[in-house]
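Letters A, B and C name the chains as they come in the text, with residue numbers starting at 1 for each one.
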Amino acid sequence: MRLEILSKSQNESFARVVVAAFVAQLDPTLEELADIKTAVSEAVTNSIIHGYLEELGKIVIECGIMGETLEVTIEDFGKGIENIEQAREPLFTSKPELERSGMGFTVMETFMDYVEIDSQIGRGTKIRMSKEIKSSRD
Amino acid sequence: MRLEILSKSQNESFARVVVAAFVAQLDPTLEELADIKTAVSEAVTNSIIHGYLEELGKIVIECGIMGETLEVTIEDFGKGIENIEQAREPLFTSKPELERSGMGFTVMETFMDYVEIDSQIGRGTKIRMSKEIKSSRD
Amino acid sequence: IGEIKRFLRDDGMIKVSRSMKQTAAKVKMAKENLSKEMGREPTLSEISASLDISQEDIVIALEANVQLEYLYDVIHK
């Protein structure tokens, strides 16, 4: 599925439900679902705050299932990331004044099996993540 | 928001949740929520069964809010409807062999405030519906 | 210790479908109680507040419940 939303803060929770409802097909555990929702929140929040600097823009979320693995991509067409290596570092934030923790990417990496960042200055940012839903084996 | 899904039967339930999650912004009652979900189900099922004759195709669902009114459109790019007047009639079905009741459009009209059908043979069908969420007045 | 571990593990392994069924049952009860108290249908946010369950979870639970009821009907027909 493909979902397009505007970068409004209330759409962060909407994006979470949509992804959760999609994942429900794989009959995950509560923990797996919470992990995925948390990772999606971090990526969508990043698009809203860093990608579009709180202005209105489009965020595209795609989900697919490959066997027992969920694949999610979250894309914006905003500012882009200058230094991806640095952005991935725990505690790094370009907005310390907003009391951001700099842990967004670390959280995504912790809760998902795989996280890839694709970004170009002035073009936007695309995060691809995947996670195997182990419980779907039983 | 704009959602693209494939015309698989499990996506009917997914579409219902996504629309319901979107409507949540208007703080509906559970009845209002159920009405909208039922109307969405009928439209999505029609696209799957009649529009694409159970083959794979794309269904696009768009939702917007105007004041206290939800607007939903459900569009497919399938077969199209030959005679819209007739299709709207209660009990009319082109697939009596499938135990279809012919009540899909009647249900949509009953549960929503407004239902518009736009269709072209060989191009597809677009259903626009709206419903005021009265509870958001208090 | 084995018991505790099993308890923890079982807890972590609760399937969403099971927990959603419980949520759906709570939502149904809250809806009825609030309707009586207030003399009108409660809204989603009122049910959410009274149960301390998020609106997102309620929306998903309502759908999960429909599906389970539907499955039940199919199986017991």
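The definition used in the following text is that a contact is a pair of C-beta atoms (placed from the backbone, for glycine too) under 8 Å apart; a residue touches a chain by one contact, two chains touch by 3 or more.
Here the structure is a predicted model, which is why all the values come from computation and not from measurement.
Asker: Once you draw an edge for every pair of touching chains, what topology comes out, line, ring, star, complete or other?
Answerer: complete
Asker: Report which interface contains more C-beta contacts, comparing B-C against A-C.
Answerer: B-C
Asker: Hey, how far is the Cα centre of chain A from the one of chain C, in Å?
Answerer: Result: the chain centres lie 27 Å from each other.
Asker: Mind checking the centre-to-centre distance between chain B and chain C? Centres are C-alpha means, answer in whole Å.
Answerer: The mean C-alpha positions of chain B and chain C differ by 26 Å.
Asker: By residue number and range, which residues of chain B touch two or more other chains?
Answerer: Residues 17, 21 of chain B each touch two or more of the other chains.
Asker: Note the residues in chain C that touch 2 or more other chains, in rising order.
Answerer: In chain C, residues 56, 59-60, 63 touch at least two other chains, as defined above.
Asker: Can you list the chain C residues touching chain B in their complex?
Answerer: 27, 31, 41-45, 47, 55-56, 59-60, 62-63, 66-67
Asker: Residue numbers of chain C touching chain A in their complex, please.
Answerer: Going by the criterion above, the answer is residues 12-17, 19, 56, 59-60, 63-64.
Asker: Taking the complex as given, what residues does chain A use to touch chain C?
Answerer: Against chain C, chain A makes touches at 13, 16-17, 20-21, 24, 27-31, 33, 135.
Asker: Hey, which residues of chain A end up touching chain B in the complex?
Answerer: Counting only chain A, the residues touching chain B are 1-6, 10-11, 14, 17-18, 21-22, 25.
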